[in-house]
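Just below sit the structures, each encoded as structure tokens.
Next, two complexes with chain A in common: one pairs it with chain B, the other with chain C.
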Partner chain A sequence: MALRVPVNLRKNLSVVLYAFQGLSIVAVIVGLASLLLLPLDEYSRRTYISENALLPGQVHAYFGGSEQNIVRAFRREVDLLGNSTSDVVAERMAEIFRSAGLKVGKQRYSYKAAGGEYTGENVYAVLHAPRGDATEAIVLCAPWRNIDHLLNEGGVALTLALSRYFKRWSLWSKDIIFLISSDARAGPQAWVDAYHDLHGENIQSLSVKSGAIQGVVVVDYPGAYHRFESLHIIYDGINGQLPNLDLINTAVQISRDQMGLRTDLQEMWNHDDSYRHRLRTMLRGMVNQALGHSTGPHSSFIPYHIDAITLAAHGNGWHDEGSLGRTVESLFRSLNNLLEHFHQSFFFYLLMAPKRFVSIGTYLPSAMLLAVGLTLTAIRLWVDPRSRSGEEKVENAEKSEKSEKDEKAKEDDKKPVEVVAIDSGPKRELFLPMSIVIGVHFCGVIPFAVFNSIDYKSMASVFYIFIATSVILPTLISILITLTASPHRLLPAFHLSRCFSLLFLGMFLSTLATLNFSLSFLIGLFSLPLTFARTTPKSIPLALVNSILLQLTSPFAALFAVAGYWGLGVEDILKEASFGWWVWGMWTPVVVWCVWWPAWVVGRISVDSSFVMAVTGKSS
Partner chain B sequence: MKLANWGSLALLSLFPSSCLAHSQHTSNWAVLVSTSRFWFNYRHLANVLSMYRTVKRLGIPDSQIILMLSDDVACNPRNTFPGTVYNNADRAIDLYGDNIEVDYRGYEVTVENFIRLLTDRVPPDTPRSKRLLTDDRSNIFIYMTGHGGNEFLKFQDAEEISAFDIADAFQQMFEKKRYNEMLFMIDTCQANTMYSKFYSPNILATGSSELDQSSYSHHADNDVGVAVIDRYTYFNLEYLETHVKNASSKHTLADLFSSYDPVKIASTPGIRTDLFRRDLSEVLITDFLGNVQSVEVDGDGMILDEDLLALARSAGYNITEQEWKDAMTGGYHEKTQEERDTVVGEQRTWEGPARVHKHPEADFWRNVMSAGAVGVCLLGYWVFSMIDKV
Partner chain C sequence: MDRKCLLVIGAGILIRLVLFTAFPSLPTILAQRVEISTPVTSYKRLQEGIYLFTHGVSPYDGGVFHQAPLLLSLFSILPPSTIVTNLLYVLADVFSAISLIQIASSGVPTVTPHHVSPRKANTWPPWAIAAAFLFNPFTIATCIARPTIVFTNTIILHAVAAAVNGRRGPAFVSMAMASYLSLYPVLLLPPLLFLTYDSLKANSKPSIQAFSAVTMIILSVVLMIYFKLSHLITGSWEFVASTYGVHLLLPDLTPNVGLWWYFFIEMFDSFRAFFLCLFQLHLLIYVPSVCLRLRKQPLFALITLVGISSIFKSYPAIGDTGLYLSLLMLYNHTFPLMRYTFFLAAAILYATFLGPAFYYLWVYAGSGNANFFYAITLVWSIFNALIVADAVYAVLREEHETERPELIGKDVVQI
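What follows is the complex of A and B.
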């Protein structure tokens, strides 16, 4: 008798339903837990140099001595030009480059975003490799003003001095481009777009070009002369793309082992390699990745598959321009050694300490499991007999619903589970739920278009109007549907619309997880209430709780959270999003408004219909 | 009772037994191969150029060295010192200085070309500099370096040669009588696996590291920015430079092999002697790495005027230079076309000196003396056997 299957699955559907529910809960819990396990030694790995050609720190760096006086002279030069317009600056920089014997190009650009205009003039110089074949190039970049709008005195002065210094070496296999961008956000984007002939009409083409860019190092050393304490390596690119891990490892190894310079990641200044600090570093990296914005001039290069990092001087210590210059020199010698594009090491990784990381194979399951949790819930909703609109089954469905796990505490009547066969009962009616889901997803274009086209000034007010609309809209839709549709179709319609919406969200998030893990994970996290918030016309308190939960995990709440995290106003975040869309081609707003927001609205419709049905008495 | 045997032995030793004198080789060849490409493999090129320098120093001429250089690091734009290759951070010796003859360069260094070179299956238009023109009296030194693994060696980042390929190529060489003895030396990771499949006789093999062991570089030059030499090669060279000063050195391979220190080399070097028939303590390093001192003249249609004339005079022939020249060339021009054809056909016969027999009576006496010597020997044999019977 032991071999007999205890339950006939086709006859007793509740087992299947429970199994799906259990599985989706397990998937979500395991997904969350595995992310928290990553910083442990057992799950993360020490970084290592994968590309043999790089040979980091194997050369003596000679920058220093009298070169330091030249840096200081240039620093004075930069200081004097501090408040000049960008064309004056560009002309003077071009003069200095020319006097070093380099080919010089200048580029004006102008972007319009969020009602503002972003203009400037980049200036750059090309050092042709004396014995190279001019098919490849590496870029040393210093923004005139850094990402915090501070005058990048040290960085620009060092770049000017290094341009003269590098000219004296004859061992370059690649051309070296010295780029002084007008700012840290739009300038590099305009330059790299024009370099690849993909620039818009308000951006000048480049007069001088070189070969394919293999690597970019940005020097950020703002403010008046001071000695710094550590190097902050910034590596996040647009849309959460990352440079090859080998570049970061090379920079870390050179600055730490060769120069004795501490390196920091993600603004973790006192990293003691403990679990807490590793987790915080990882989470900060994930937030930056999820937002997909530019974190420095290097970010604009990464979508072109150019590996780029920013080296930012931080704090007050005993390192001076010499240390930074030697680090850059040694790093350039390593880049010079490259034989082909960076390809050996990882492009998908999470760093948790300068020398510790997890690769995609280890971290991907956690985001995937969240997405799988959503998909499993969607499948469960489809299998559930409540998705069928037959009148005679509605009663049964209501009863079986009560036995579901989440509700157990709140439901006091514990009726036995009804036995329902899979293929029994009437057909599912798909038209209404499909049109709800598709319609709402199309509506997602509206906020996206609106926020990308309005002025910065009106952004805050429009945003609050939009929140109000988003709060009312689902209620209105649910009222409309409840009043027009016949009562026995109502519950299945809301049920199936949740099913489709979750199915779409699960599919989208699992795809997104391979491209931008962090964004997928965070949206998956915020979407968890969608898996259990449903139409409960018989339990208004539960509907109320669900409604509040949904409000707390709405895209707006996330926006406020991000604004609070950066200490900015919501309008600044929206401006950044608009700027990101128009200048960098940042996809985060598309994902938020066209995928997440519709899923949230569909969830709200299902929950709000509980109230409407209770009020109109259509629940029975 | 044994006296007769002793006597016979003593007598036998009197005979100029030319048939036993052939165990010596008559030429030394070296095939030096680096198989790695790319700038960061600078050390492999330096390895092979160091060995090239050593065999040239010990007298093997460029015509008998096949140098296969897989990349040109000297002219790499990344080279801080253009046109040079150094094997030490002190940069005392520029290995790429003067007088370098690279026979196979860059992408010519392939598995196919290497095996064709060994087995001499080359296209007919192949220049002599790219051929291994050895015979069964040639000793060959084969040195290889690159990136290897278990029973393979990577060529050019694109293909591999396996231990079986090399073993089969060596067997073909043996069958084609292309070598007398061979010294195979290899410096790669897991190098000892490369010679584990050899099965042809008279091959002595040595490698830098065992199965699952890496071979490491010795040190890096911080201005060139790369490692400049591998450990195994470095310590081989150290021994050769300090001990084997010139081609007449009496150091043996046993000395060289016993100088290997696994601690210094950081891997366990291996030696395979089971295919080799001589005792290593009798094998001079210069039997492979140096110039051959002994010369065998086989009269290959050559005209050794002065030396041979002097020899003839010292043998008692009283001839003038003019007579000698006439003997060598005279009559040659007077011959008819048919005669000339026959002469061309038997060009390798030594007919010139036959004309210098001026004194037939001397020949007669020499014959008498030879017959007498044989007679004395026979007499001695007969006497000893009689004593034995008594």
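What follows is the complex of A and C.
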């Protein structure tokens, strides 16, 4: 009779199966619950400055008084240039920088994505440090038009004024680069790529450079002569990378404690530090991180290991450009103090209020537990006797299985049974499930390539065609397999293909959790139905429920959800994804199409096969 | 070789050629991966060595190049075109696959003079073994990245293929070449000796002492020829310190998937010599024990030693693991006796994905540090070691069951 190793496991198989099922459910529930606990005082921490050299707010900031008049003059200048072409703007900005006695460089760039062309001209000036050796630099950046395409009058005027003002100080030990980028999305990327000589062919090289960039502060202050109420700190980078927490802490401490400016995060304008507001701030941060897109000019710097934030003026209040200027000045004095690159504080964190955060050690378990839940399910599916397609009975298998196997044995009586000295028991047929899973994963390249190469105009129609294909494709595959494979191999094949697919998904997600926690967590959350949606040829209603659940948690549903969240059309989201891939090197589309979509398709194949098997009568 | 073998080899060639031509930047990207290229095998360093060599400078000046001189002469004879080099690497993999097919067809994995596997009917056909080698992602990645480990692997496989057919001369000339190229295959000589001896025809068998004495003479003569040739090519004995010295003394601490680099970064200099000896001896002690315990199946002893050296040698890469896993497939009939197949395969997959991610966090994103990558190389090594241990368990269990059939299916405790 069949040889059984390891004996203990096999003897108590049903116990093991239930234990694993229980464990994976517990893992998921604990993972979800622990995320909801994070905003509580017991689990989150108050922020603190780790790098002592920063000394935030320890110096008096002198920007103000007559400097304010200069800012207003530059505002007028920017206002007049408002609708000019980018080369006119760049030339005028260059003139102003030159008159302040700075070295000036200009850079044209052009990107192509989603059938559109994104061109512009960046202009920047380098202030050589009187007390430095040009090995390190800090950047003050103002996009000509901000991320909402508003003319950034205040920001640009302030940058121009600060360039004159900073020039007068003799205390700088790092070069200061003043960058006026043509827009908030492509311009900074072109500039920072060229700064590191990693730019594409349609992007000019930089004529003037300085040392390694230690920090970047972006000023976003659109609108004409209005006074603002609070400072919005934006910190999400491309692919969910974040700047060092010390930079944010420094900005928060300076603006709140020194300048008396309220700071906001993640567009939470009325944060009262309650549980609800903390949770919402955290979740908004996670959504931005998961999408991995650029949230401002600072985002492009972060992949280069440059810590960067955007300070955006918000609302209608009594603060003027003087307050913002003093904040930037004080922040630059702190950055100027840095002895080495930001490294002391956290790179992985979730902020839930300007002064409250959780670090990776506290939040990572929740994403890991979701991934572990998937992996445990995969292991359970593997040890489950249903994964074996043999002629013999498995003694300790569940009763229903016994009857199934008996019938199989009858069917296969005609076949000559191979006589071997020792039979290793019913075997797992790996070839078919392996090829299903690997084949589907390779198919994931197709939507990825298509959506990154087509025009914006055709995106919506192609997307709907693709949804239709994705809905039909799994059914077709399951029909094909059901009709071609022999009946006793069918259930194990679907069973094992789920097992491999969940194993891959669990593996990808736990890897992704170390790179982009939020994306991993959200995909894990959407993939939960995959852990229980199985082939149930004997229960069509259950299969129907599973099928609907899978549809509701498909990548398309998520895409519609994201589109709804921002009030955009799906084609805009796809355009953003295509733009992100070509300009920023954003990985989110790769993850969605080559990791999540294949796993979902394999899940659909398993569920759809229940209908097909019921119809064709191959369910027994 | 039947049609299926040819088909598998054809597909293996095709997939490599497609990867080489469709993604022209892929070889360069992969060649920079520390998991694939080590200081002693890297293609980039080989190019540096060839450049110095063809310009009349000693290739070992500058301390970048650590590979054997005969490789230099091979590559300087070849026309300096990428296509020819790529084809050479594809060809090497094809030869490896052919050797594997020969080993599998010889039946030695299941039938030796001392042991006949009761599961010999369950073994995979030769084409499946070749497919497991040619479509192994580790092998493919290694072939595309073009480290010289590819040639060492081909030669090792050729030596084993010659040995299972009882051809002593080719077996030992090849294994001497493999040892000459990358030192550690020297550990495989004892099991290779047993393997060749067992494969001799029973009527013309000399005694094992006489056989090994003659073999040792052949081996030393061949090795002397290789060394003299190298001396003639480079004009000095400098190469000995720059190649074998590097394998033994670990002057280059570039990260790799092994256990040495981090350990010797942290090491105080005064302990360095002691631990170097210890680490090298650690590899050596497995040879007699494995050879004696697995005397009935010398091929498996050899495979086990390949596995052990792929974990514990000074500059391991995934190419070594690829070789071990491909060779292990010859013993697929014992897989049902292994206890943790799925678990180990999943763990290896996890480590394969997490390794590059952690390396990225350390080197590019700057948000991690060296401990991240080292942790994952530890995981990788532990699970490779568990695979070796589990495979040995399965083979020993089978031997045990052949000796005592009444114990089939009973619990055993491994101590």
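In this text, the second predicted complex is superposed on the first by the 576 of 620 C-alpha atoms of A that agree within 3 Å, B and C clash if a C-alpha of one lies under 4 Å from a C-alpha of the other, contacts with A are read in each partner's own complex, and residues count from 1 in each chain.
Keep this in mind: a contact is a pair of C-beta atoms (placed from the backbone, for glycine too) under 8 Å apart; a residue touches a chain by one contact, two chains touch by 3 or more.
These numbers were taken from a predicted model, which means no experiment stands behind them.
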Which superposed partner A:F508 touches (first chain B, second chain C, both, neither): second
Which of chain B and chain C A:R72 touches, first, second, both or neither: neither
Touched partner set for A:R45, first chain B, second chain C, both or neither: neither
Touching partner for A:R280 - first (chain B), second (chain C), both, neither: neither
Chain B versus chain C as contact partner of A:V59, first or second or both or neither: first
More chain A residues in contact [chain B versus chain C]: C
A:R108 touches, of chain B and chain C: first, second, both or neither? neither
Where chain A meets both chain C and chain B, residue numbers: none
Complex contacts: residues of chain B adjacent to chain A: 38-40, 76-80, 82, 220, 222-223, 225-227
Sites on chain A touched by chain C in the complex: 1, 3-8, 241, 303, 305, 341, 343, 347-348, 375, 378-379, 382-383, 418, 420-422, 424-425, 503-504, 507-508, 510-511, 514-515
Of all residues in chain A, those that touch chain B in their complex: 52-53, 55, 58-60, 129-132, 170-173, 333, 336-337, 339
Contact set on chain C toward chain A in their complex: 118-119, 121-122, 336-337, 339, 342-343, 346, 349-350, 353-354, 357-358, 360-361, 364-367, 397, 401, 408-411
